[in-house]
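Shared chain: chain A. Partners: chain B in the first complex, chain C in the second.
== the complex of A and B ==
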């Protein structure tokens, strides 16, 4: 159940789009149409599905209303704290301001330097979310982080042992680590 | 030892370093070496060439150079959170010693033990933490005990 917690989720999503970013086992845009995932008791909620009657003009009007509300909210900058899902170091992180991230490799930036995390997949506030397909534009979101610490990991023991073969090898692995502090997430006041 | 047998901690920073300005966590460096022993050859070379430049580039760190009669040359690093780390630099070259110093400068003084999670947030939930009633439409009605008839089994499969 640790996956349910919001703090610093490592998301492995199944969103359609760039297969390099989303290596999903079941693609929702494959050539086989119809049932792609086996139906189980948890496929759909236990209550009967109630679809509202479909009307295209009504849908378009609602969509325009939602877009204008979100645009107005962004222009007035009256959202509270923002969170973002950022793709960095081959992992996805759910990130807010003032939180810490540990990267298990060496970054070129020195301690105290600011980095911009460019691959942003999703940005959300309390009332709205902006979902990228698969990435959001660079001029829309800006996520900045500072390098706080560049250490080495604790010495991990890597041992291979085959029983009854008199074979054992022991290696101590120490990996470089970088700690980033996310400084801010900013939204540009312009949406299409 | 295994990660179960060794102590562990959560990812943290010293006094929210980085939220405002970044502060270098290294407080004091003491280089203990011998004037004549062979093991301190690299240290003596580093002190001739590199120590002054290092101290100039890191103005927030105080560097003490103390020649003593000792068999093992050491670098003792003290950090702002009170931790002390000793690195033994026997028979290291000047370049290796400067790398050791860079590593010590970039570290914060927190223990180098297993980190439980590679992230830390003080605000884990912004849109509200999920609970089973988050997206449940109220038109369904309240929760009632399930009927005991066999016809009311899992008919959705």
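== the complex of A and C ==
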């Protein structure tokens, strides 16, 4: 599970090399002097020549700091409105509390029953985001919804026509629909 | 009136022509010209309209995906990354968000999108580090690079 601080730094890639002359040029081989070749997109490989050095202790310290900050704000429940990305009915939905979802199929639950949406991919608040790889734990997030309405869609016309062949077929498609109201998204204070 | 002789060959030629015509013409009421009134013209126009609607429902899915992809590409370029790099590294980090949700996050939740871009960037750097390693040739291999050094 990856955690990131909300107020972050913009990432910029560094341009490779320093142009010594104008227009930008480079030598074919460092051992041969006096032969200059114009700098093109293929003069240097697309990956950076010098990767920034990895300091594992520093990274571990930063990660521990971020985790403790996020844990603290979850325990104090001072994050405000939460949004979540939920996988339901073979689609992904970005939901918050009190919003409505229209699902184009039939659900087994009856009207007025509460449903828990279990496959949560991402949860976010104003200052932090929890990204699941690919799903977040069941004991970490709880998304509850109520079935409000079970209707049918408007009659859609499916028509096929083949010109000059005297072929036409018309079919009316009516699909069952379900409307869910997302009641709440709750976080439990348990991160590592 | 009093009819002195019986009528002959009187029959009903279908009592519901009006409703059969209305079934077609009511779908054409918002069209332009005579095809919103006259049955012969309305039949052709309504048939074309239904066929275009059917085909359009399949094309809409393609257009929406292209739109999402271009929005994600624009948002990732604001953070100094390109679309294929972002998506490939997110897939390698096993983040299974689809393009619709990522484009919605880029529009309404810019900080969450920034965090996804950072995850992808970190995975990209790890990949480079794993591939490049020390920057030296493996032991026992002779190549042009080794000869030039």
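Heads up, the rule we're going with is that the second predicted complex is superposed on the first by the 138 of 192 C-alpha atoms of A that agree within 3 Å, B and C clash if a C-alpha of one lies under 4 Å from a C-alpha of the other, contacts with A are read in each partner's own complex, and residues count from 1 in each chain.
Please note the rule applied: a contact is a pair of C-beta atoms (placed from the backbone, for glycine too) under 8 Å apart; a residue touches a chain by one contact, two chains touch by 3 or more.
Bear in mind that the values here come from a model prediction, so they are computed numbers and not experimental data.
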First, second, both or neither for A:37, with chain B first and chain C second: neither
Contacts of A:188 with chain B and chain C, given as first, second, both or neither: neither
First, second, both or neither for A:152, with chain B first and chain C second: first
Touching partner for A:55 - first (chain B), second (chain C), both, neither: neither
Which of chain B and chain C A:160 touches, first, second, both or neither: second
Touching partner for A:81 - first (chain B), second (chain C), both, neither: first
A:65 touches, of chain B and chain C: first, second, both or neither? neither
Touched partner set for A:98, first chain B, second chain C, both or neither: first
First, second, both or neither for A:47, with chain B first and chain C second: both
Chain C-contacting residues of chain A that also contact chain B: 4-8, 47, 83, 93, 124, 129, 157
Interface residues, chain B side, partner chain A - complex: 1-2, 6, 11-13, 16-19, 22, 24-25, 103, 105-108, 112-115, 117-130, 136-137, 139-140, 154, 156-157
Sites on chain A touched by chain C in the complex: 2, 4-8, 10-13, 29, 31, 47-48, 51-52, 54, 83, 85, 92-94, 121-122, 124, 129, 131-134, 156-161, 168, 170
Residue ranges of chain C touching chain A (in the complex, touch as defined): 47-48, 50-51, 53-54, 57, 79-81, 93-98, 100-101, 104-105, 108-109, 111-112, 114-119, 121, 125, 128-129, 131-132, 148
Interfacial residue positions of chain A with respect to chain B in the complex: 4-8, 39-41, 43-47, 50, 80-83, 93, 96-104, 110-112, 124-126, 129, 146, 148-154, 157, 179, 181, 183
